[in-house]
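Two complexes come next, and they have one chain in common, subunit A, joined by subunit B in the first and subunit C in the second.
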Partner chain A sequence: MNIQVELEETDNKLKGYIHGEIDAHTAPVLREKLEAYQNKDGVNAELDLSDVDYMDSTGLGVFVAFYKSVNAKGGHVKLTGLSSRLKRLFDITGLGDIMDIESVGKGGN
Partner chain B sequence: MVHKIENQYKEILNQYMQRQSEQNLYVGQNFSRQLISENISPEEVISVHKAAMQEIYKELPDVVWHSFDFLIEMMINYGLALQERQSLLQRQEEIRVEMDLAANVQETLLKTKLPALKGLDIGLLSIPARKMNGDYIYFISDEEGHAGIAVADVIGKGLPAALCMSMVKFGMDSLNNSPASPSEVLGVINRVVEKSIDDSMFVSMFYGRYDASTAALTYGSAGHEPAILYRSKTGEFDELYAKGLLLGVSPAAAYEEHTVQLEENDLVIMMTDGVTEGRTDEGFIEREVIFELIQQKKDEPAQTIVQHVYDELERMQNAELRDDFTLVIYKKV
Partner chain C sequence: MRPFDYVEMRVPAKSQYVGVARLTISGLASRIGFTFDDIEDLKIASSEAVTNAVQHAYTEGEEGEVVIGCALYGDKIEIMVADHGQSFDFEETKAKVGPYHDQEEGAFLREGGLGLYLIETLMDEVKVHHQEGVTVFMTKYVGGEQVEEDVETISS
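Moving on to the complex of A and B:
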């Protein structure tokens, strides 16, 4: 049960790479790291989730909060590399329609 | 009291000094437990030790006695740390008692009445992973045979989730409309929730309205795990999917609704992700496993099916549920 979060920002472009599991235990780590960027104006964030093998609703909450604050500041959040399991989570919750998400081509439903 | 302890300590120490046996040490260990239970601080123990030594070995040089004085000083902060720990334990106990009270209040507050409807057998189970439940079932019904059910799940667990749930309940109570359509109900509750909660919180909710006179179920979903329809005639399981965003994310969200006609012995299975997101050492529990469990008991009353699914899933996960578990089954009879 662990998580690695790497974030790198240049000229308001935020590149992120997340590895591991996002659940009630690890979500606070991710939240804290993202919070450092969410109040800046016009952040363009792209977070790679291709190495996230598990995420529950707590993890979803972190991304929703990040999405809402970045959007309110005129920025954009894109999530990439979603596994079919993660994609389903975003689709069921309706978040897939309002957020910019990209799943990995293979194994999708 | 102090005098008694001093004498006992001197006696035990003296025995040890003479023989240094395991037995002597064991007596000392037991005595230290007694000291702890009587709240004797570490620096007091050293004072007692020094006094005992002075009585037994009067002739030791002054450096020895000075060193004990120094050691007593060194132990004072340990004594404070110990006191702090004791007061934390006490506070923890107070919080535990308060949580118990809160859980009782929640239970009373969120109590819902199972509707008695012609032709419908209802089974339900909602088990919190911790004391407070972040899942919620709400029923509303009227004389004409309309019954609404809401199955909701607040993100997160424990106290914040439970507080958020009360808000959903009061929203539903003030709506108080059994024949209301799912898209209308979800729209109203979404606006209530959206106004009042924090950005990282949200609620998923399934809403179904059953009409006993036609056996039709109209359903909608706000980002909730889709309900499942089991068709008795074909033995197939279908997802009851309806498009709709989680409650509390956007005030403009709109909610689809669809209607299915229930036939005899059909089952509608409504649940939260505590049911579907189960994990064992080998990985996730697939939905097919849950379908299989339901099929095993499909001819039994709804409550028996629900209990069977819970018992088996709990067993697979070594009785350790990570999330609140809520399962409701409608059986058309």
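Moving on to the complex of A and C:
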């Protein structure tokens, strides 16, 4: 039950890699790390979730908050590498239509 | 003899126990033959319920406990999550849990927000009971909801 968050920023491009489980316990860690970047102007963020093997509404909440802040500052957030499970979570909550997400596609999960 | 096996967990109302409850329920669900996807749904739904209970118990300002009761049947799992520490009589509480009323649960819904929405989407039956705290009662059937089999298959 832990999480690893690696964020690297160069020229307003934020590359992120998240590994582990995002739940009520780990979401605050993720939120705190992302908050350091969300108030900058025009951040272009791409977060790789391919190694996130569990996520629930607490994780969705963190990504939505980050997305809103970044958007308000003229930036963009893209989530990549979503497993079919994660993709489904975004879809059933309707967030899949709002946010820029990219699933791993081919079968698998 | 009861028609089900009953497993109860009592955990401190702290977020680090949400994952413990989730993994335990995942283990129990795999014993009664749920598919991988159904188990993942159960993990999310139970985490949402336990997370709500942990946060609720927390805002009450008590060093509360959350009680999670799981009844395992041959074809379904019933999970009850209560944010008040007292252990409950599963059958008694189950009998008291009324139908789900949107209006009444308005406040809880807002509080639980997305979490409760996910519980309702991922489980087959959900009931919420207010008395000495909040109890969420949810059921998932092996192989999907017990709806009438669609006997009328496509006949050509």
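Basically, the second predicted complex is superposed on the first by the 107 of 109 C-alpha atoms of A that agree within 3 Å, B and C clash if a C-alpha of one lies under 4 Å from a C-alpha of the other, contacts with A are read in each partner's own complex, and residues count from 1 in each chain.
The rule is short, and it goes like this: a contact is a pair of C-beta atoms (placed from the backbone, for glycine too) under 8 Å apart; a residue touches a chain by one contact, two chains touch by 3 or more.
In this text, all values refer to a predicted model and were calculated from it rather than measured experimentally.
> State whether subunit B and subunit C clash or fit side by side on subunit A once the two structures are superposed.
After superposition on subunit A, subunit B vs subunit C: clash.
> After the superposition on A, what does A:Thr80 contact: first (subunit B), second (subunit C), both or neither?
A:Thr80 contacts neither subunit B nor subunit C.
> Given the touch rule stated above, what does A:Ser50 touch, subunit B (first), subunit C (second), both, or neither?
In the superposed model, A:Ser50 contacts neither subunit B nor subunit C.
> Examine A:Asn71 and indicate which partner it touches, taking first as subunit B and second as subunit C; both and neither are also allowed.
A:Asn71: touches no partner chain.
> Looking at the overlay, does A:His25 come into contact with subunit B only (first), subunit C only (second), both, or neither?
second
> Which holds for A:Gly61: it touches subunit B only (first), subunit C only (second), both, or neither?
Both partners.
> Does subunit C touch more residues of subunit A than subunit B does, or is it the other way round?
B
> In the superposed arrangement, does A:Asp97 touch subunit B (first), subunit C (second), both or neither?
In the superposition, A:Asp97 touches subunit B alone.
> Please pick the stretch of subunit B from 127-135, 181-189 or 253-261 that overlaps subunit C when the two structures are superposed.
Clashing stretch: 127-135.
> Shared contact residues on subunit A, subunit B side and subunit C side combined as an intersection?
24, 56-58, 60-61, 85, 92-93.
> Which residues of subunit C touch subunit A in their complex?
Subunit C residues touching subunit A: 15-16, 18-20, 22, 37, 40, 43-44, 47-48, 51, 54-55, 113-115, 117-118, 121.
> Spell out the residues on subunit A that touch subunit B in their complex, using ranges where they run on.
24, 31, 56-58, 60-62, 64-65, 68-69, 85, 92-95, 97-98
> In their complex, what parts of subunit B are in touch with subunit A?
153, 155-157, 198-202, 204, 222-226, 243-246, 249-250, 253, 273, 277, 284, 323
> Which stretch or stretches of subunit A touch subunit C in the complex?
1, 21, 23-25, 54, 56-58, 60-61, 85, 89, 92-93
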